[in-house]
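Pasting in a structure now, in structure tokens, and then I'll have a few things to ask.
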């Protein structure tokens, strides 16, 4: 293995700039001078062959970076929004929040049977869900509801327009049905049997 | 390869002991142990000597219980399954069910499990190969698009369909969990011997189990009974399939051991 | 700017595989065909000039990775993250989910013979497994499947790269079997209509 290749591999894979003495630890055949020479050879080579990247001296060490003139291309990769869809868990969580708002995270998790903070965060990031207040109960947990953007996106004038047909599960059809068992604690791991009674 | 012998209980269990000179906690579960026993002895999976395997499995399960492994309860479940198969093998089979081997489901599970183990090995090798290649270590953070700028293709129909599917789900892990330490086989052995010492006419299995009202006590009592039978300390008798199981002390044998 | 250089810059600045259509978003001059051609040219070039890295087809896209023969050098450098490895139970569980997806927890546990909710949760946390839906059966249990990151972690381009069951050298006997008896409970009740065939 040539010194140049080892140095290239190390600099490529490192998540921080490396000093020549640090790079030299990769192999017994390397010392600071050998590394310095390899770095110089690589730089020359990247320049001549018009690579899109370069070796840059940074914070007392070396790092491989894309050349600055490509920055505008890279920006487009990330900032051109690509259309996306909600995942199954996100759809389910959004449905629960839409029908039961204002609702706390614990209640959402109790209905779904799985932790939901990540999904709720995603829905918040997408502007479909927002914090609408705090419950009066112990710990004053955050309550979530849907946003104006939610109404716009799905074409509703107001929350009153959400359909509530009989085939909806009771827990979503009727806001009065309790979600958590009587003495549920903060965890969604409720030990109680929850009996849902039909309000009729 | 081990010679294939079909001797009675005790010898087989000892053989199983030799075969298990390995770290017990290397077994990921009862299926793994069972597969190990069958492979190690070059057993024909379509004709499993269920008595020998059950005895070996019980011996190993005892050690696993002694080592207090988390999975002990699951090994016991499998032990109970094996005992169940063993029992059904002993029963005369009605004409109509002649084709149905009580071992069939076990064989199916073993074959499937073996395949999964092979896939797991392949995955492990693939992971090792992949780990030898490294990604770019440092990548510049660039601001992504604002989430609300991202066009959302989701329609209300999809949300509504999800709403229809919502129902209260039992939280994970509330599944019945066997707690191995609360019911010890040693205690059941002691209980059986104590009760039998006052009962020259034997005792019914049911009378040992009924007070506890818990399937795990039943399994452990049965295991203890089979263990005592194997040690030739007691005799087990059943007049007909599904009839009461009776236990009798064998005093002479016991003193000599 | 040549297409090849833009593609190189984009791939170099990414820590995950990119599909040709994603790469093409970097500039109007690019389309999928141009990108594919540039990728092929770069691969050839990296090989001929003996770069320490290579273009690899992964999870449906392309990514620049170091060549495997440099692994031992890289292991000696602290700033190079060590790839994590999965435990035996995790691999076993992943094998079942990969082959039977979408699959519920109970089915996984039936195959393994042990409780698996903790392992599944760990695999979810590591982004290797995700909830893909719910079964239509009683209780509507969650169903799990593998993620794109699963492909990346094991170096697969797609699920097609997993060994086919009939390629697996099984000692006992290879046969196509349904995963669960009709109403699977935890007991191997053995009421299946499976009749044992002669092994010969």
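Residue numbering begins at 1 within each chain, and the chains themselves are lettered A, B and C in the order written.
Everything below uses one rule, namely that a contact is a pair of C-beta atoms (placed from the backbone, for glycine too) under 8 Å apart; a residue touches a chain by one contact, two chains touch by 3 or more.
As the structure is a computational prediction, the values presented were derived from the model and not from experiment.
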Taking each chain's centre as the mean of its CA atoms, the one lying farthest from the centre of chain B is chain A
One chain's C-alpha mean falls closest to the whole-protein C-alpha mean, and that chain is C
When centres are defined as mean Cα positions, the distance from chain B to chain C in whole Å is 30
Between chain A and chain C, the Cα-mean centres are separated in Å by 20
Taking each chain's centre as the mean of its CA atoms, chain A sits from chain B at a distance in Å of 40
Residue numbers in chain A touching two or more further chains are 9, 12-16, 64, 66, 74, 80, 82, 88, 113-114
Among all residues of chain B, those touching at least two other chains are 134-137, 140, 165, 167, 169-170, 172-173
In the complex, the residues of chain A that touch chain C are 1-2, 5-6, 8-10, 12-16, 18, 22-23, 25-27, 49-53, 64, 66-67, 69-70, 73-74, 76-77, 80, 82, 87-89, 113-114
Chain B contacts chain A in the complex at 134-138, 140, 142-145, 147-156, 158-174
Given the complex, residues on chain C that touch chain B span 12-16, 54, 56, 63-68, 70-71, 74, 79-81, 83, 85-86, 88-89, 91-92, 94-96, 98-99, 105, 110-115, 117, 121, 134, 139-142, 153-156, 162-163, 165, 168-175, 177, 179, 181, 186-199
Within their complex, chain B touches chain C through residues 28-32, 38-39, 44-47, 71, 74, 77-78, 80-81, 84-85, 99-120, 122-124, 126-137, 139-140, 165, 167, 169-170, 172-173, 175-177
